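This is the structure I have questions about; it appears just below.
By written order: A, B and C. Residues from 1 in each chain.
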Amino acid sequence: MSYDFRLPDLGEGIAEGEIIKWLVREGDKVEEHQPIVELETDKAVVQVPSPKSGTILKIYGSPGEKIRVGDVLCTIGEAGEKVSKAAAPKAAAPAKKVSTTVIGQLEEAPEEGEKKVTPITPKKTAEPAVAVLPAIRKLAQEMGVDISKIQASGGRITEDDVRRASGQAVKEAPRAPTVTFEKFGRVLRIPLKGIRRTIAENMRESLSKAAHVTHMDYADVTKLADFREKEKEGAEKKGVHLTFMPFIVKACVLALKEFPYVNSSLDEEKQEIVIKQYYNIGIAVDTQAGLMVPVIHNANEKTILEIARDIWRTAELARTREIQLKDLQGGTFTITNIGSLGGEFATPVINYPECAILALGRISEKPVVIDGKIVVRKMLPLSLSFDHRIIDGAMAAKFVNEIKRHLEDPDALLMGY
Amino acid sequence: MAKLTIVEAVRDALDTEMGNDEKVIVLGEDVGVDGGVFRATDGLQKKYGNRRVIDTPLAESGIVGTSIGMAIQGLKPVCEIQFDGFTYPAFDQLFSHAARIRNRTRGKLTCPLVLRFPYGGGIRALEHHNESPESYFVHTSGLKVVIPSNPYDTKGLLIAAIRDPDPVIFMEPKRIYRAIRDEVPEGTYTVEIGKANVLREGTDLTLISWGAMVREAMKAADAAAAQGTRAEVIDVRTLSPCDWDTILASVQKTGRAIVVHEAPHTLGFGAEIAARIQEKLLLYLKAPVIRVTGYDTPFPYFKLEDAYLPNPERIGRAIEQVMKF
Amino acid sequence: MQKIVGKFSVKYVQIVDEKGNVDKKLEPKLSSQQLRDLYKWMVLERTFDNTALSLQREGRIGTYAQSLGEEAVHVGATFAARDSDWIFTDYREHASYLMRGVPVKNLLMHWGGSEDGMALPEKSNIMPVCIPVGTQTLHGVGAALAMKIKNQKTATLTFVGDASTSTGDFNEGLNFAGTFVTPSVIVIRNNHWAISVPRTCHDATWGGCQTRAETLAQKAIGYGFEGIQVDGNDVLAVYAVVKQAMDRARDGKGPTLIECITYRLGPHTTADDPTRYQDPKTLKAWLEKEPLKRFQLYLKKKKLWDEKYEAAVQAECKRIVDQGVVEAEKHKPRPTDMFDYVYKSLTPNLKEQRDEWQS
């Protein structure tokens, strides 16, 4: 295999030399490192050694000729080998012209100068850049929204802005597919407004936020019923219609004192359970307009008679729609009497943001086993829906038991223990 | 106008300013009789004599320390350390004194010296001749750090450095010492220290570099342009004090930045640039700032040099990365 | 009251002059084999040197620093050290490596740009090439200190150039050596040049030279120990003086500084151009005094050298060096080695970069 020996770097920024004389001839055998040619540079005369042993097959350049780094000096190979004219004796483009220095090799600039490096003052861009958080920028990219076209709702473009721009509903709830009721028959459409709409929103909020669980039990109110019978007349004389409700309110207050967590709310924002140290009992009232819950404030400070009076008063105001807002606010616990129309147990919806609601079923005489004997007792069905985020089933059960204890034993209710 | 290489521009700057100001002294190893191992001071001793162009004993700390002494006495020493890897013995003098004299005396004494040395790899050199130590100098307050990438800037920046009232570290990219020939005006002119240069305008991304890597960045920008990506190329020129206005304005416009430097990755000046970009321009970034750099290893012996140094291919991959982000 | 509290003298030693004549009083007791070994090592170094120069000119290795003219210093001093003594070099002492069993291929791998060259054979007890000149003085002294602490009967031999004596590290090294009485011998290869800066001063009122001290040997006195000057082109003188110093060091008598006067017959490195700063007459004069020629004359007088012997030695050295070239040129470094030897184990940074490199 013949080998074209190209002139390597000579050093000192020298990139070429003039051939003074050849030390070998074509056909000569040479040893590796044997000097084969003398070159003159503007520094000195340099002898160039052969990199290989072999036979000089062809010599390029005669004495007096200039030869550049990268040009072929000679071809070395086996004796008698045919050598095609070196493809490019004059280095067409030496990979890089280099010069050696005291340490290392430097690249040499080509003869022709390169383009001048002119400083540029950049033009001011027509469109200003858009400021947006990287995450939002990425979201816009994924949704195929051009952020430069979005109008920011506040100072900076937000996720909602991007979603709105893409026609999507804002935040979580993806839109549910709508059903066409008219497809199956005639319908009557009534606009949802007023109290109905408020109730609808409240119900949805309560059910979506509170973890509803309902605990159910019977309270034996036989003794209480007798007591009430006995006191009915006295109360009428005071202008109060005595129902079971004031007793139940009192019993609830006593139980709330025992189990303060039932008298609380969960502040989600602050991640705190707020235990109220006041006792405002709401009594759900059904009015023509809908469900209302007037509140008996500070029921713990009122006698049963006073509570009864309050109940009657607020209920009337509620029914006549003259009730003040303050009478509807501040409740800590709600009682709802569903039994007036019949029915025993229910799963009432908590009056959000309270912790629990007590539904009263219809008091009815039932056969009950006491001391092994079947007797007839007056039983009051109780359904307590509670927010399981705040209290557990065990506490709910104990709470209801406490209410029961007071309802089943009027002496305890009177004494408050 | 003459066409000069970078090393010739260094010589021209020294010659010019020594002619302007007789307080300018050049000192270093082999700078006088030999004219410097890269011929950066060729012919200066013949012209200005051996009291102004001084061959020193072999002692880098000695060279810088005596330069400090000369500077305090009102001379303007331009000292040379022969190679980047030999600046380390001089760190004590630079960091303990040159950088602090003005502050230490509340301006009563100052140290207007210039330390110039060839830096960077890519010349098939021995160990210790390929370093890029700019981070140490930038990190030391009181020093200025200037790195030209072409002959025109070299002359102007070096004259500016000599005139600068503070100590300037002038790092010359030896890989391209002779590789670029450019028109350099005769006579005196300066290029402002503290100003970066936008070499090419673009809209898609900003390539930020200095020294020998500027050429690599431009090659990568050319390759990207062929693919339809328009890169803006910034030559930082002064690393300390750095022209943040120019860099940040560019990245705000393009939203994508790539820094290219030879110095090792960790705590190379690219890290400072990236930190500052995300500090000021988070809302305008379309991709993370990528640094294409040397590795966190000693600079390898020259057989592995090409594996270590950033090159247009590596820069091209980074360009792809930011464009696809 | 005034009195002289210090005076110093520096001994100069020459055993074989330029004509090959020997000072019988100082001639060391070496066997014929040992004398021929000395010669062979010098020829090997020169053969290696010439080949390396050619390789560089042919673009097959990178920048190379020749040892031409300094063979007697490298060979004489290394010959005087025992295998268990450690050697600290800068970058010209190619013979020291060869004499410590480092193959030619390693040296060429090193000068050819691969760190694998300096992965030296175990028990070679020689340090890798040290380019920041002068810094190795501290290493040699520190190693000697360790040997002293460990109660080893070994010493260290450190080579520095004349320019290195201007560095802080050289001076700090000598001070540590003198202060701790370390078993270290420091040999200065005074080859007269630091690239273009001459060793001696010619201007009475200005510099441009390495140092104004009359000798470099006397620097030891400033640090409390002896400095000796030697004809550095006389391999027997170098050998004898270094041997004595190494023996003293091992015996706990402390350090010695030995200045070997020689001359750099080649350029600093392969592209330095000494004609810019060197008087050609000086070079010519030193060529007459070069170490191989004179030792040949000495050996000839002892009937240990003739043309046939010379041819055999040259052929053997050429064979060794050429073999090394072939082996070195087969070598390719592994790029991932860049990452694997920075620390004992890969750090997260390096692992990440290594992975990125491999992909």
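Worth pointing out:
To be clear about the criterion, a residue touches a chain if its C-beta (ideal position, glycine included) is under 8 Å from a C-beta of that chain, and two chains touch if they have at least 3 such contacts.
Since this is a predicted model, take the numbers as computed values, not measurements.
The chain closest to the protein's centre is B, with centres computed as averages of CA atoms.
Sorting all chain pairs by how many C-beta pairs they have in contact places B-C at the top. Chain geometry summary: the mean Cα position of subunit A and that of subunit B are 47 Å apart.
Mean C-alpha position of subunit B lies 36 Å from that of subunit C. One inter-chain figure worth recording: subunit A and subunit C are separated by 71 Å, centre to centre, where each centre is the mean of the chain's CA atoms. Along subunit C, residues 62-63, 195, 272 each make contact with two or more other chains.
With touch defined as above, residues shared between interfaces to two or more other chains in subunit B number as follows: 37, 124-126, 129, 302. Among all residues of subunit A, those that touch two or more other chains are 101-105.
Against subunit B, the residues of subunit A that register as touching in their complex are 13, 99, 101-110, 113-114, 116-117, 119-123, 125, 129-134, 137, 156. Residues of subunit A that touch subunit C in their complex: 8-12, 32-33, 43-44, 48-49, 51, 100-105. For subunit C in complex with subunit A, the residues that touch the partner chain are 50-51, 54, 57-60, 62-63, 195, 268-273, 275, 322. Partner subunit C is touched in their complex by these residues of subunit B: 29-30, 32-35, 37, 50-51, 54-59, 61-62, 85-86, 88-89, 124-129, 265-266, 295-298, 300-305, 307-308. Here subunit C touches subunit B in the complex through residues 62-63, 91, 110, 112-115, 129, 131-134, 163-164, 166-169, 194-197, 203, 206-211, 272, 276-277, 332-333, 335, 337-339, 342, 347, 349-350, 353, 357, going by the rule given at the top.
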